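Here it is, the structure, as structure tokens.
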């Protein structure tokens, strides 16, 4: 009931735990083990990484926890990303903030990620951003290799438009299963530009990054009082918090959105998990939609 | 010559009569019978309804006329729509203005429409608006049912983008034959956002709501003097009225646009019908296009 | 190495020579022969025309040069365009600036072009602009005829969106091989609206008109100082000129962009050709991209 079964084979949890701020949490390896365990106990088994998170350090921190308690590995679906180059002390060879989606870089990036995460393979690799220099044939070559040698089981993208998705998919034998994009009651763009319709049509699971709009949801009263009011009414009706309502609102969408949580406080994670038992009515869903866009539906 | 034959089976008239303002016309049942008859005599046999028109009352008024003169039924192609929920004294159970495109609601809405219209079946059902909560599998289930039991012969949509259309079509066995959108010399959006190209490509008939821009065409001199001037020159050349030119302009488009008339004055309907015998030259068509957008073609 | 082989048969040079300003160059027929010869010597064998260039005069000027030295013909791939109507002393029958993409006009326009260019056939015909009145079946009829009688070997379009391309392609038996659009470091629109992704997906070659932004690139310091600075750094690193860097930047894109040159000075053409030996690094390519759009990549 907490799991989402993709028609093509991937099974992940309905909420994913994101680790892009892991380096800021200041956890010891043992504390992180406990955090991962408690997440699993709450039903959140999909973990979302990227090579660049925490200035290239988050994967390594996570890997240390896995090394400390190897039995955790098989309970998780590990996602990571590649394709962005960030200048960093960890990567002195990178001289500018750009993209690299060459065959060689993708393969090398996954090798780094596997080594840092201390795993043999990952469940899913996402291309982090569409690049204006994207050569789908080069990406296909990398994906085929990574699949064949068993390092990556499934593939997806992040922040792709429908057209960018179609281009890349047209060169691949395997299906792209995920498009991770920004989605929240404060960020409706992807609801309106065809991305979600395209995902629904092609059985692509949308993952939602920043489901709380990077924390703006918690300052909502000042940012969008109308939306704050609408969400507060719904929250009261369900005896729930604003963040639970934001998640329930995303979970209610028929495209099967998987929100990615970003908090390192286990109480927040456990609270988020309760959103799965909240089913918004159509009236409630549209009240939030209408308040966010500032005008009634036509 | 007045009829439009869809490659996939639907036959409708080149102009459709819309009944969204029927409740405001103040006609007796007998007067409405006469209005319908005169429309048929003028070659306008497609009638366009929606469950919500006239605060949910227009279908019922129309049904009373059909009951008064049952022989009219087989001379008409009846279109109605569903999927919008409007708070109304007629529907006290509806508590907010939103969409409902669940299997149950679509089927129930058609049952209401058939009962109100006093017909056994309709020629076409349109989904009135794309919903951000649209689940194409649920809609497909409803459409399959309505087709199988013989209540609806053909299906279409209204106000859909190309992407929304593709999503829904991908789940249906039957083709969507119509996309009813706003089109007029004052409203070029759908000419420019890919909707008409998509319709042409997939043999979808665009129906044009508000072909006179909700009456703005008759106040054109104040609203867009350049367009008024351009249309007046064309009108004079054809010894025609501005509304006839607006219709002739839409009818000239290769996608086979079917304008939906909204007037309850039979003289206006008969006048509109004369637009079918006006063929604009390319020079005239582009003069109106250029005047509307305010700059020459590139 | 200087040639681009299309998977479906067309072979053109990596840079094309455009002749839209030929009438302004003031060349004698003999001088034009020499200019064409020197272009061929520099590896630029694809020549780009349109019926309307130079107020309908450029094709005729070019044809006189070909007549003077017939052996040039077989060394060239001749492209021309049709579909725009421009009021002109040369064409008194045209009364307004509009499009004509009827079967009859396309065939007649090609006959004019063949006669003016003094050739039996051309390698490629492009539809010059998407028309809001485009009837793809009429265009298909014209293309089929022109192909069957041997007057046109390949077909393409110019300034088409992905949707417009799909519509026309859906009615054709032959593939559209080219979409000629505006592309330069100053004009990123087609990089962002899906046109280039669509071209890549369908093996359509993008040709770039105004690769120097209509000369704005040479006034770049005043127009976009940030971009000027970024391009100057790259130019210095390669000991190249700004226009060579602009071309190298376009040539680096994986969609196989073919820039169309517009200068009548053979030194400029020869200088442009040297861009083929400049390969920008990813750092350099993105430095120009970032400077042009005025913000880092996300």
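Residue numbering begins at 1 within each chain, and the chains themselves are lettered A, B and C in the order written.
By our rule, a residue touches a chain if its C-beta (ideal position, glycine included) is under 8 Å from a C-beta of that chain, and two chains touch if they have at least 3 such contacts.
Chain identities (UniProt): A, B, C = Predicted oxidoreductase.
The structure presented is a predicted model; accordingly, all values stated were derived computationally and were not measured.
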| item | value |
| --- | --- |
| Shared interface numbering between subunit C and subunit A [over half = same, under half = different] | different |
| Rotation angle superposing subunit A onto its copy subunit B by C-alpha atoms, nearest 5 degrees | 120 |
| Between subunit A and subunit C, centroid-to-centroid distance (C-alpha), Å | 42 |
| Overlap residues in subunit B, where contacts from two or more other chains coincide | none |
| Parts of subunit A lying in touch with subunit C, wherever the complex brings them together | 84, 95-100, 129, 132-138, 159, 161, 163-164, 166-167, 170 |
| For the subunit C and subunit A complex, residues of the former touching the latter | 162, 191, 194, 197-198, 200-201, 252-254, 282-283, 285-287, 289-290, 296-298 |
